[in-house]
């Protein structure tokens, strides 16, 4: 077995150490503490418990669990690719967050020549990271970690610019991120897989199979995502009743999509048996479809309906639409095989935003939506726009006006889709460069290519190649 | 292998879609936002950080992890039944919570013709869900998901009414839920299994075995339950010192029951070896036994003693009492086999409530217990009964007076046991209806009946039937 | 197979029940509620939400997850020792925390003849527990649970005294615990393994191997530790900007060490393949190296650099330094074999504290470091030293003055290393006593010695001895 052309020995360390040097240089030159972390700005009238840490930290750790454990386990559903799923998710997420802290920081948290850091930046960067991980799901098993890092390095800036344009200039916001995050990630992933298409894998791959333990691990990942999705969808909402609604709507939407996923799985699978792939993916669709309107006064019933509709569309889409596309197109993208499409499954739908989305992100502090809450007096002064009482700082910039309904939101969606698709295709072209160690077709979906594996690797299912097992058993 | 009589193809989707239609109709007609979610009720004097979300959300997510991940993993202890344990727990929990939001909402959160929703309702519904999952543990492996959903649909209303009677009319409260939750769930489960008794499984079942990985997964579930049990026991306690004591007592009680469980497991098992079943279950007994008095001034020493006693009683009960019952009775209920009884193990004991329990649940805002804290002036005005300072709403109803000691608490216990046992028997009769797809004896404890399984299913232990493996390997 | 000499039947229950009696007696005689748990000290001017529970509880549960789930999974990396890794971690952690609550309580929370209990004590005790678990990693697989408990019983008081001397008398503090926790644990573990050296295992052991599932479980443990390490490093920092900085620095440091770990693993492993052992351990090194200065104004760039340096030193240390020591010394201690040294890997480095560490622990409330934040007026009255506004209690003792830089911190480090090494050697001598059931060499790294194992134990890898499998299959 010749592993030379895709050995990581030189390529991965070279890329990572260069990245570390770059990050360190940028930290040294352009990064400093935000106001709530700077000891010099505290005085004896500062109440330590007013620090923004205590408003964000719970949501931050919940999203951390989703990113590193939820996505990691979910992406470990292949029987022979569990090390890769967990570890490449870990590496890609870490790089994406660091990179997003710097890139988003330039667009959203830059002041007086410095990026102001705090937990709010990390939380914002985790959303950019989620974008990368969703796209990662579309190329799982067919890419080297070097390629994944290149994808992250290119996707994060494209996303950050798109986000900035949509939020700041088109003035459309979505608290749960349905427009930006899920739509962008989906079309970016489609663009990348379009370019990376491997005709040799058209009829599947012998190692692209799930296993009993890997399916269980993947369901665990789903459950972690499910449990903390209300934190994800509400993390950037305005504090108070908006955030409270976001939590409630997400929970109700996820519940509806879970019931729908079980119902349709039994209805559509062989012999009426449930498919773990459906449970791993379609149950989460409601979190996406309630996303765009998650903090609005849409009513609990609407959240329930959105969840059920989302799961139905997701299930029908990947079962019937994508096989149809597979016949019509040279490469249908990340959703052809149900299983590799898992992480991408719930994200094809742009979400049911019903009108006036808005959110709080970074310095982009929006005004409240006046027509939805007439008794509330117009906010002004320090109380405005989610600023905590007693926070003496004026809002850094005037908040965006509320977006007009349908049309403008449609415009934001168009911008996001276009940027994502073009960015994805270009990124795919870069990822195709030969020195990025793409695995040969026959080594796809196989941990042995990039990892020292223990001697029981591939054991129970008997898929381990006899050649490699005598060769590598010293792991 | 004829799977027709228990195919889920029609039955499960039909039930789930009907349920979804029912839930949606009820949401449309009877549900609206609670005060803290209603944008119209906020004004520019509302401090967003005073929203009740920030008092409840941490406890809510902790209990979410217990319900979906802790219980799910704990119930996956059977080697060939891991998919079912995790996925049926997921489905049953989701349905139970939605149903409980509506049913409990009618009894506890109903005002002006509408159920007022918020995270507090979800938290309350999770307690009803825990009841269902504990009873689920008693019928694990011998029921179809359709039967489980029927059980949830019947158990939730019986529990909600019992809860309402005990809390509102008998005026007995228990913050940790020892009386209501654990006692009710245990006797309901006993009632159900009494009716569902299968003589064919009297001598055990070849597939009712644990596996190395499934035992590890189950211990992980125990650890998640153990870690977050203080949140469970304190979630409905009054804010402040009461909740602080509830956290401390639960931690101490669990620690004592853990030491006791290890000690007795080594003492009583074959050759002095530890049994994973003991570690999975008996370690949690302390969380139950401290429950009824968890927020009272019982002293840390009493919490320690209650934990040790709980573990001892739980261990002796399931090792010696239940085999004795097995000889004396036609069906001894859910505790005959140590392993299927796991989730039910810690719940046989009604808890050591020492006097005057009280709790805060929904609108049932209790008065403080005066004789335990003489220096505290009688609460009045907005400060009373756990209402946050600045909350302008008067308590919705006069709080219940404190329960008299022993006798009345005994009365509450009697009501709960009677309602649970009768409800369980009747529910069991309904679950026996043939169109609910009960699995035949030979297909119990087997994921293949209801799931598409990967090709390595049943591999290591070799228990897979040769017939089914050639039949089903296309999963 | 004669299990008599290391049967737990009598020894473990005897030790545990004696311990329970001791703990109960101490609870009865010396323990009472802290001010925030005592109902008698609340009055109608007490705001329940000012209770310290709400400042500590989130950090407490995060550290709970690290201790019971993170460490438990991380220590389950051996294919045939997963039950032991998870369960002995569970037992040892529970005993360590209870014991630390009492011992640390005497040194730090003792007032008017009573230890005052609350969540703050539990949090503090979890740090002592982390010390024990890190040392546990050094003797994993070669010790009985009785020996582990003896180690915990001796290590906790030695640590508590050292901590008290360093913090109170040398007046050196470290918020992230780099000096005390990691250094102490490392040298204590070295002392113990020096004494427990087994020449028979010098050339390794046939069962000391990882497995595919156990490696995945262990990475999951790493991820839980990684995700919640910011909570660990910041839990004892002063509230406000200090704690905020601690969170940020830890996250940045961990990210840098993760990138470095992947880079060096590919560079230094066979054929450029990644090693799971590196990912499980070296990724965490940054959390240790930023520890000592984690709450200071060191700048984000310094946190990044510390993380990268920590991972480099950790990786080079265990790959090159320890094999060198192995040739030079009779027993090189816990770091000879890469894998058993896992939990100990990141802890060999004393951390890059850059100057004036301080922290808040128990009653030891430090003054702020004045020269780092000139604009802050000197604190006095109830606002001083992290006390919440409105807390009427004066600080219990005058806070320690800030430590002088380098030299004194070096003194603290010397004290910690000396106490740990001597304590470790003496503890090792006690652990060698024959009635503590040390496993014979041939039964090391084997769950069967202490657990009833299911019939598929050892299956996939075929390492199960034929004798024992026919003997024990009735588990």
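Each chain gets a letter, A, B and C, in the order it is written, and its residues are counted from 1.
As a convention for this text, a residue touches a chain if its C-beta (ideal position, glycine included) is under 8 Å from a C-beta of that chain, and two chains touch if they have at least 3 such contacts.
On a predicted model such as this, the values are computed, not experimentally measured, just so you know.
S.K.: Under the over-half criterion for shared residue numbers, do copies subunit A and subunit C use the same patch or different patches to meet?
M.R.: Here the answer is different, because the shared fraction of interface numbers falls below one half.
S.K.: Upon optimal superposition of subunit A on subunit B over Cα atoms, what rotation angle is obtained, reported to the nearest 5 degrees?
M.R.: Angle of rotation between the two copies: 120 degrees.
S.K.: Go ahead and note the Å separation of the Cα centroids belonging to subunit A and subunit C.
M.R.: About 33 Å, centre to centre.
S.K.: Going by the touch rule set out above, which residues of subunit B reach two or more other chains?
M.R.: Subunit B, residues with two or more chain partners: 58, 213, 460.
S.K.: Would you pull the subunit B residues touching subunit C in the complex into a rising list?
M.R.: It is residues 55, 58, 62, 79, 209-216, 219-220, 223-224, 226-228, 230-231, 238-245, 247-248, 251-252, 255-256, 258-260, 262-264, 266-267, 269-276, 279, 283, 297, 299-301, 304-305, 308, 368, 372-380, 383, 386, 388-389, 460-461 of subunit B that touch subunit C.
S.K.: Which residues, counting only subunit C, touch subunit B once they are in their complex?
M.R.: Touch list, subunit C to subunit B: 3, 7-10, 12-13, 16-17, 19-20, 23-24, 27-28, 31-33, 36-44, 46-49, 51-53, 57-58, 61, 64-65, 68-69, 72-73, 76, 82-83, 86-87, 90-91, 94-95, 97-98, 117-119, 122, 145, 213, 217, 450-460, 474.
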